[in-house]
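As structure tokens, here come the structures.
Next come two complexes built around chain A: one with chain B, the other with chain C.
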Partner chain A sequence: MRACELMKETFYRRTYIWIVHVVWLALYGGFWWFFLPDMPEMGRFLFIWGGFFLALALSAGIFGDDIASGRICILVTKPFWTGELYIYRVLGLSLQAAVHLVLAGGLILALHAIMGKGNVDGLGVWLLATWLLFNTCAALSTSLSVIVGRAFNSLLLLVIIATGYFTMGLMVTYLRQEASSGVLASFIRYPWPPFELLYKLAAGEWGQYTLTVGKYSVTKSFACVVHSLMLTLVYSIIGILLLSRREYSRVRD
Partner chain B sequence: MRDKINPRSVTVMAGLLLEGWALYVVGASAQRWHPSMVVEDETAAHILYDAMMRAMRDARSLSYTSVCSAPDDRVSTYRIRLKKPRFFRVEQTNGPSTKSTTLLDDGRFQWIHWVGDRPGLLLDTEESREEERSNVYVKEVSLAGKDSIADKMVLFGTAWLRLILNPSTFYEYPDPLEPYIDGIRGRGTNRVRGEVCDVIEVSYLRAQRTRYIWLSRQDYLPRELKEVVRGAENHVTVEEWSNVTVNGEIPPKTLAWSPPEGWRQWDLPKPADSLLQRGQEAPDFELCSARRGRIRLSDYRGKVVWLYVWDSGSPQCREEIPGLQQLHQGYSDKGLVILGFNCTDNRRVARAFLRENSATFPSILDPSEAATRLMRVGYGNRTKTVPLNYIIDPQGRVVDAWFGQEQDPERILAALAKAGLEVAK
Partner chain C sequence: MGPDGETEPKTVECRQLTKVFRRLLAGRAKAIYALREVSLSVHRGQIVGLIGPNGAGKSTLLNLIAGLILPNEGHVTVCGHPARSIAARRGLGYMPEHPVFPGLYTARAILRYHGALLGFSSNGIARQTDRSIEQLQMQEFIDRPASDFSQGMKQRLALAIAMMNEPHLLLLDEPSNGLDPVGIIQLRDLLKQLRDSGAAIVISSHRLGELEKLTSDYIFMHRGRIVSFADRIAANQAGRLHVELVSNGRQIAENIGPRFPVLETSDTTLVIAVRTPEEVPDIVSDLARGGARIMSVLPQRESIEEVFLRLCKEGT
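This part shows the complex of A and B:
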């Protein structure tokens, strides 16, 4: 019951959250309707909007708001482990994303059936990759929310990710031959949210460059899934540690 | 006992192991050589392979677009038009660039020209790079389909990625790897852009190289090819065919070209021009041996050295190594050292190959950057062509050098004699 309430709270905590879901679904529908893309383009759109921007929007101030208002003092004095608060909030976000992506998939299939054009090959894999990315980004953003005030966690994450990938893009373009660029690229590729790995999974690139007949390499795809779940776990453990070691004030910021 | 096992430690260890496995699988190249990769021949799959070769060779004309890509985001696009008896036009671009290289055979001459400034080529000298850059073309006598289009495009067009299936197959150009097919097996069916294809796996040179080919059921021509070459590093290339037209009309004007006004003919430097010249000192080196330890060229001062640069993926090298072993056995006590040099192969593959051929002559097996650079810069093998032969005299000076199999045995005997070796004619 408590778990259910804590998870529901992630949806009801702000009125804009349901608007975000509706707007995002409208964006997917609009993108399909106006551009009639093939699945790779639609998948990329879904991956970025549903996996990254949706996570930022839903997790903005998820702890920062409570800390700023002083409500966190009431929450952490309840007779339960502080980590539960964190876990159920991340699970709540993950559940919202799962429902959101199921609706998005249904919407795309419906539009595909109505318009009778385009293709939906690999939609399921794109949805899975999007959900995994969402979980990783949501966990990282939630952990940031413990230390960054109000809703600045999402903004900070956006800036960090954009700067990191911009730097990596520059290195790939201009410093391809330098050994140091490979090390830095690996640093961005593995401990950061797994944009590249999950994108390759969904786009079938792991299968394309390994000797498998089909589109997907099962071993590599499974390894990507494991890595993204592990990252979610690590980000969450950091968040739980931060949450349980902080001292909170009842005074409003 | 139960008290000693901390569940938290076990969970952390299991998590670390799982993550370690995931990172290894994601980061590692999955095609590491293993003897079990050698494929057994299946008749049905072999028939499909033969049907593909026949479809290529029997067509009167063939045009298609081929996009070659690699995991590091390199892409080379080829637009290919072939017409019997001896016409072809191949346009090639790299990545998103619009600058193309065109190789065209009008039946009498072969033309190579570029849109805008030509790119820097492997064979360029410093002068040619500066002075022969704009408005130039190459004109050669047509070899009537008897040369390899795929190799030429890489050499002259600086294509990032080589075509897997050589378009010259259309002119019955023999695939040098065909005699080295280990086996062909079927891998079921798969769809490529909505088209049902039969998939076959072809293994060459004891799985040093493996190709997967997606064959259309309509015309038995490929729709996709995938190749892994297991060298010091594994290289994977994917070639996707589209707009395939068999026996269609190819407008004659697309198979003809004449240089625009003001353009000038440029003679390509020859690959051998960049090699060390007679009398030059062979650069010394100290590199890893195929067995244990290191080999220094200067250790062989006072002996005649036949430096043989080889690669187990080269059919020519495969043919020559047994002969070199015989020379080693016959002349090692007379002052000849056959010194193998391999800086491209996976050590396991190369050592297995040497063992199979009972090759006991000393051989360098070092895929390090230093060895590669030594061969490219020190010994002038800019095009990384194998086999490459250097005859070095007892003072460490170059007596002769040549690429490939030397057809004239007199040249070899003369070089060895000049280096100071007593050879029986």
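This part shows the complex of A and C:
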């Protein structure tokens, strides 16, 4: 019951959330309809809008709103582990994204069938990569929401990702011959949301990097999936620790 | 707040609580001491009123007991468990000053949501919802979305949520805000019922007249400290005796003046300061011996509002 209510709340907490879903689906449909893209372009569009921007829109103020309004004070005085609040909210977002991406896939397939043009090769893998990216971004944004007021978590994440990737990209380009470029590339690639790894997974490049544990290694594509899941887990653990250790009331009276 | 040496289990125990709020990057000098070495205990079946001017530390104390913030020094236990632990929260009901609910949810959906958080089954939630509707007269708005609620409706709903798990300890921050007179009377009756069932209730309120009808146990706070445990004020408090005479009031006032301070005098009335209720028969005897022809004697107890003002003045 508790899990169900907390997950359901991620959809009902704000009036605009269903509108976001409808607008995003309309965007996918419009992009297909007007540009008739091949799968890599459509995949990229889905990947960025469904994996990144959707996560920002749905997780905006997911804890920040409650903390700013004081509603969190009622929630955390209930007798259950506070981490559950975080876990079920992120799961709720993930579930919404899963349904959203299934609908998006259905929409693209329907348009493909109606128009009889374009191709949908690898659509499933793009949807999987998009969902994995969504989970990672949603977990990071939710963790930020525990410490950043109102809906600024999403804005902050957008600025960090855009500025960070742009700056790092420039540095790596100009420092290509330097030994430090490898370190910088790793810094971009591994601890941040796995745009590059999941993109390569979806685009069929299967990733260049293999997850190895001692003498064991897993396939490169599987390593990308595991890496994104591990990042989601790490972001979530940080969020749970922040949530369970913070003070909830800002009243100074 | 029970007498010393009492062995009765304490629902709330605070020891040497100090809470300091510091701004990020601000120096030590800008730290705000919201509470300074506050100790108190509340027993089951007791209603305690937290009173004090704005910024006195009432809400901070409530928040510390609820586990919403952490003390810099000292510790709090609720029903014998450290505040903020799951065991402490099991018997806790908390109602904030400004309750907020998701606008798309109806009151019924909000009760279901909180019932689920408390771990109730579907049947349990339905039972609790029916009980809350009955107790707090929520029939009128139970199926309306929270975005349409008035302040009074929000207060009723927040109270229903706080009482859903039949708490051992109920913390209420300004519970009668926005309630109409009928709502206030219902709230009072409900809190009395809860107290009679053994729950401890701590109320922070500026509506002193309302508090007075609920309890005689007060904690007066000023600048983060408990200034005076004015408990059982009604029984022991200082007050005034209003005496109506046939005539010669001024002359009689001069006669008894040295023993009992006369606050107001006219030819037919005297107002005499009384330190304890036991003094009243002595005053009346003295007046009679002094030749006063008494028509009526009316003790005027100092209301909690007057006590509050007096303590505020003393504090400043």
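Throughout what follows, the second predicted complex is superposed on the first by the 236 of 253 C-alpha atoms of A that agree within 3 Å, B and C clash if a C-alpha of one lies under 4 Å from a C-alpha of the other, contacts with A are read in each partner's own complex, and residues count from 1 in each chain.
In the analysis below, a residue touches a chain if its C-beta (ideal position, glycine included) is under 8 Å from a C-beta of that chain, and two chains touch if they have at least 3 such contacts.
Small disclaimer: the values here were computed from a predicted structure and weren't measured.
Of the two partner chains placed by superposition, only chain B is touched by A:A223; chain C is not. Once chain A of one complex is fitted onto chain A of the other, the partner contacts of A:I87 are absent, as it touches neither chain B nor chain C.
In the superposed model, A:Y12 makes contact with chain C only, not with chain B.
Of the two partner chains placed by superposition, A:L36 touches none, neither chain B nor chain C. Greater residue coverage of chain A by touch, when chain B is weighed against chain C, goes to C.
Once the two complexes are laid over each other on the shared chain, residue contacts for A:I188 go to neither chain B nor chain C. Once the two complexes are overlaid on the shared chain, A:E205 sits against chain B while remaining clear of chain C.
Once chain A of one complex is fitted onto chain A of the other, the partner contacts of A:I160 are absent, as it touches neither chain B nor chain C.
Overlap of the chain B and chain C interfaces on chain A comprises no residues. Chain contact summary for the complex, chain A toward chain B: residues 172, 186, 190, 197, 205, 208-211, 213-214, 217, 219-220, 222-224, 226-227, 230, 233. Of all residues in chain A, only 1-2, 4-6, 9, 12-15, 69-71, 73-81, 247-249, 251-253 touch chain C in the complex they form. Within the complex formed with chain A, the residues of chain C that make contact are 21, 32, 34, 54-60, 63, 66-70, 86-87, 89-90, 92-105, 112-122, 125, 158, 161, 165. Listing the residues of chain B that touch chain A in their complex gives 15, 18-19, 21-27, 30-31, 69-71, 73, 187-188, 190, 199, 201, 210, 212, 226, 228, 236, 238.
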